[in-house]
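Labels run A, B, C, D, E and F following the written order; every chain starts at residue 1.
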Amino acid sequence: MFEASLRPRRVVHAHCDLPCGVYDPAQARIEAESVKAIQQRYRDAEKMKSAPESAEDYRSRALQIKEQRADLVKHHLWVLWTDYFKPEHLEKYPQLHELFWTATKEAGLAKKSQDPEQGQKLLDAIDEIAKIFWETKAA
Amino acid sequence: MFEASLRPRRVVHAHCDLPCGVYDPAQARIEAESVKAIQQRYRDAEKMKSAPESAEDYRSRALQIKEQRADLVKHHLWVLWTDYFKPEHLEKYPQLHELFWTATKEAGLAKKSQDPEQGQKLLDAIDEIAKIFWETKAA
Amino acid sequence: MFEASLRPRRVVHAHCDLPCGVYDPAQARIEAESVKAIQQRYRDAEKMKSAPESAEDYRSRALQIKEQRADLVKHHLWVLWTDYFKPEHLEKYPQLHELFWTATKEAGLAKKSQDPEQGQKLLDAIDEIAKIFWETKAA
Amino acid sequence: MFEASLRPRRVVHAHCDLPCGVYDPAQARIEAESVKAIQQRYRDAEKMKSAPESAEDYRSRALQIKEQRADLVKHHLWVLWTDYFKPEHLEKYPQLHELFWTATKEAGLAKKSQDPEQGQKLLDAIDEIAKIFWETKAA
Amino acid sequence: MFEASLRPRRVVHAHCDLPCGVYDPAQARIEAESVKAIQQRYRDAEKMKSAPESAEDYRSRALQIKEQRADLVKHHLWVLWTDYFKPEHLEKYPQLHELFWTATKEAGLAKKSQDPEQGQKLLDAIDEIAKIFWETKAA
Amino acid sequence: MFEASLRPRRVVHAHCDLPCGVYDPAQARIEAESVKAIQQRYRDAEKMKSAPESAEDYRSRALQIKEQRADLVKHHLWVLWTDYFKPEHLEKYPQLHELFWTATKEAGLAKKSQDPEQGQKLLDAIDEIAKIFWETKAA
């Protein structure tokens, strides 16, 4: 399983010849998975919290960490949008601007929402971007 | 190809039930790929630099960015070591401490080295950790 | 002069009723002015450097600081794009996405360029965004 | 209005010939406006919060963001105090040290206070500094 | 007293000849003292809070600041572990890996615990590391 | 030696009852020692650099790291000045503002200077502040 998950990405990167060179939507995705996991744990605070803290404190910490993770999602998406994608990509995928705008707005919304379904929408938006990303890398 | 590279990791994460929950050695790996790519570009500065800058300036920027990327490699590895791995993992993989110590020291060395083979050694060290990581997730 | 420069902005903010509330393209502009000033000083390193450092060291420091300032320009622009602007703004200013994409790419280019005219293009791009921003605030 | 608010500052900066060159009290002021806006919203949490979050969570997030904004106010003021102002300024404005000490302490107090009048005092302190700043730039 | 506390450390540092050269477990210790102090104040929130804030808000801020301080403890310890300690130290102190692993895990636990006794355990773990550190410096 | 260097500071902290509670000029001093050490190594680049890098690259990295360390010196001093010192301290030590202004300006100068004697002046300025700090703690 491990072999399968790492090899394709590595090969693709070997074809990369841009100035900075290494981009990967996985960076945004991992932080977004964290956002969704925090939303789930927030809801199950009583069960998820560790012994020495109150559910109230656990939720307060969850909100704080979610804020930071959502900021990281935004940051990684912004970098992809500005630094990786080029005008020729936009020609082929004219929906690019809208996709990134929606996805980063969804990341902002994640700060206010404790609903894992909202986090899933963020993950879906990132996957849509990732699909295009890997298509352009394979091209 | 995209499907192949993302699906396994996603499934594994769904089984995650730790306090913070989401860990992924890919975070360290992506930064380390960046380190190695910068080492390669440093060597080919004349060819890789963009028009408006001198090769000297390009190398100066490369050194600076490599420094930051190597710090990120260290950070992501340290988080895995302290936050993800538990005593029961150490029992099964007694080499864990040494692996992380060596890998983070290799990341420190990457700041001083412009040799992509050094960067490859860093990537190999991360892959060795990742192999164990995914085995513990599958267990 | 001071009165003139601060009063209008303050009044406009008083009408602000968004979730985060306070946005100002001046944040991106100030960092971009810094970028352009660094490009100019890089060129005049011999004259601009202080006594205890060599021109070579002065330029090395200039490159490093410019890198950080350009990153701040990007960050402030991305925040405006995702957090401040709303679909109704996009309807009225359909060029918004393109403007931000171009401006943040120009900020990326500023890391590689030591030419103040490039920095001026970055400032012009920000001013174009700022013009729209203040029109939407006045609306 | 836009023209009026940006042109004077730009002109002043053109005369700037210091080592780092670009300073602007607007950086501290914008963050302080954010502090005051958060204090107001904290008080009106029920009305200001967005649909998917509780008033309690909204206030928790407000406290966290206010903490960061107040830190940025301090940072921008400290930079002005140490980096921009010179002994000759202090001679003409002997109250400078006290003004900055009071203003940064007020920013620290803003972390503990949910009262917009406290935030206004912070803004007033910054305006007093800004007045002197622009006088020294015009000199 | 002041003389006594600063002079020894200064002398020891003068013998330092490593690449980065300056390390000091005091960096981790100061942050850990802060962690413990916050745990104490959290418990005495009613008495410790300042006038303009509620005990609830005080505790929310305490949790947030403790999170950051605990992260700094981890960071300073990780740097010591990877950057300062060398294989020859490990030979003489084979418990080093375990000490750092335990200490950084204790720092992670401090985020969840409001018990100053937990904070004291973190301080004790750091003191144990510091003892070894100063022995290696004196060697 | 270890006992001697850590015990006094610890005792003093036990008497601390301020809102944030834990301050220590050692934080600024450690970073300033690093600044001075880097200035020394910059001068001896040929001897100090590690095998895989050129002296030129070593110096470029030294400049970059010195910049960051000097910023940390400033930050820790600013925090002491604004957060720890109170009006009653200023009454007894009316030179406080000037001491901090001079010390933070010296930290700024350290970015431009490769002369360890300049770094020593920064250390002396911090020691002067530390002397007052510990006197106020003992009072």
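Please note the rule applied: a residue touches a chain if its C-beta (ideal position, glycine included) is under 8 Å from a C-beta of that chain, and two chains touch if they have at least 3 such contacts.
From a predicted model like this one, the values you see are computed outputs, not experimental measurements.
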Distance in touch steps, counted as few as possible, from subunit B out to subunit D: 2
Count of contact steps on the shortest path from subunit C to subunit F: 1
Partner chains that subunit C and subunit E have in common: A, B, D, F
Contact-pair overlap exceeding half with C-F, pair selected from E-F, A-E or A-C: A-E
Most distant chain from subunit C, judged by the mean position of its C-alpha atoms: E
Rotation in the CA alignment of subunit A with subunit E, degrees, nearest 5: 120
Chain at maximum distance from subunit D, centres defined as averaged CA atoms: B
Centre-to-centre distance between subunit F and subunit D (centres being mean Cα positions), rounded to whole Å: 26
Centre distance in Å when subunit B and subunit C are each reduced to the mean of their C-alpha atoms: 33
Subunit F: positions in contact with at least two other chains: 19, 50, 60, 64, 112
Touching chain combinations (by label order): A-B, A-C, A-D, A-E, B-C, B-E, B-F, C-D, C-F, D-E, D-F, E-F
Parts of subunit B lying in touch with subunit C, wherever the complex brings them together: 49-50, 52-53, 57-58, 60-61, 64-65
Partner subunit B, residues of subunit C touching it in the complex: 59-60, 63-64, 67, 109, 111-115, 118
Touch list for subunit D against partner subunit C, complex: 1-2, 4-6, 8-9, 12-13, 16, 19-22, 24, 26-27, 29-30, 33-34, 37-38, 41, 48, 50, 127, 130-131, 134-135, 138
Subunit F - residues contacting subunit D, complex: 19, 74, 78, 81-83, 97-98, 101, 104-105, 108, 112
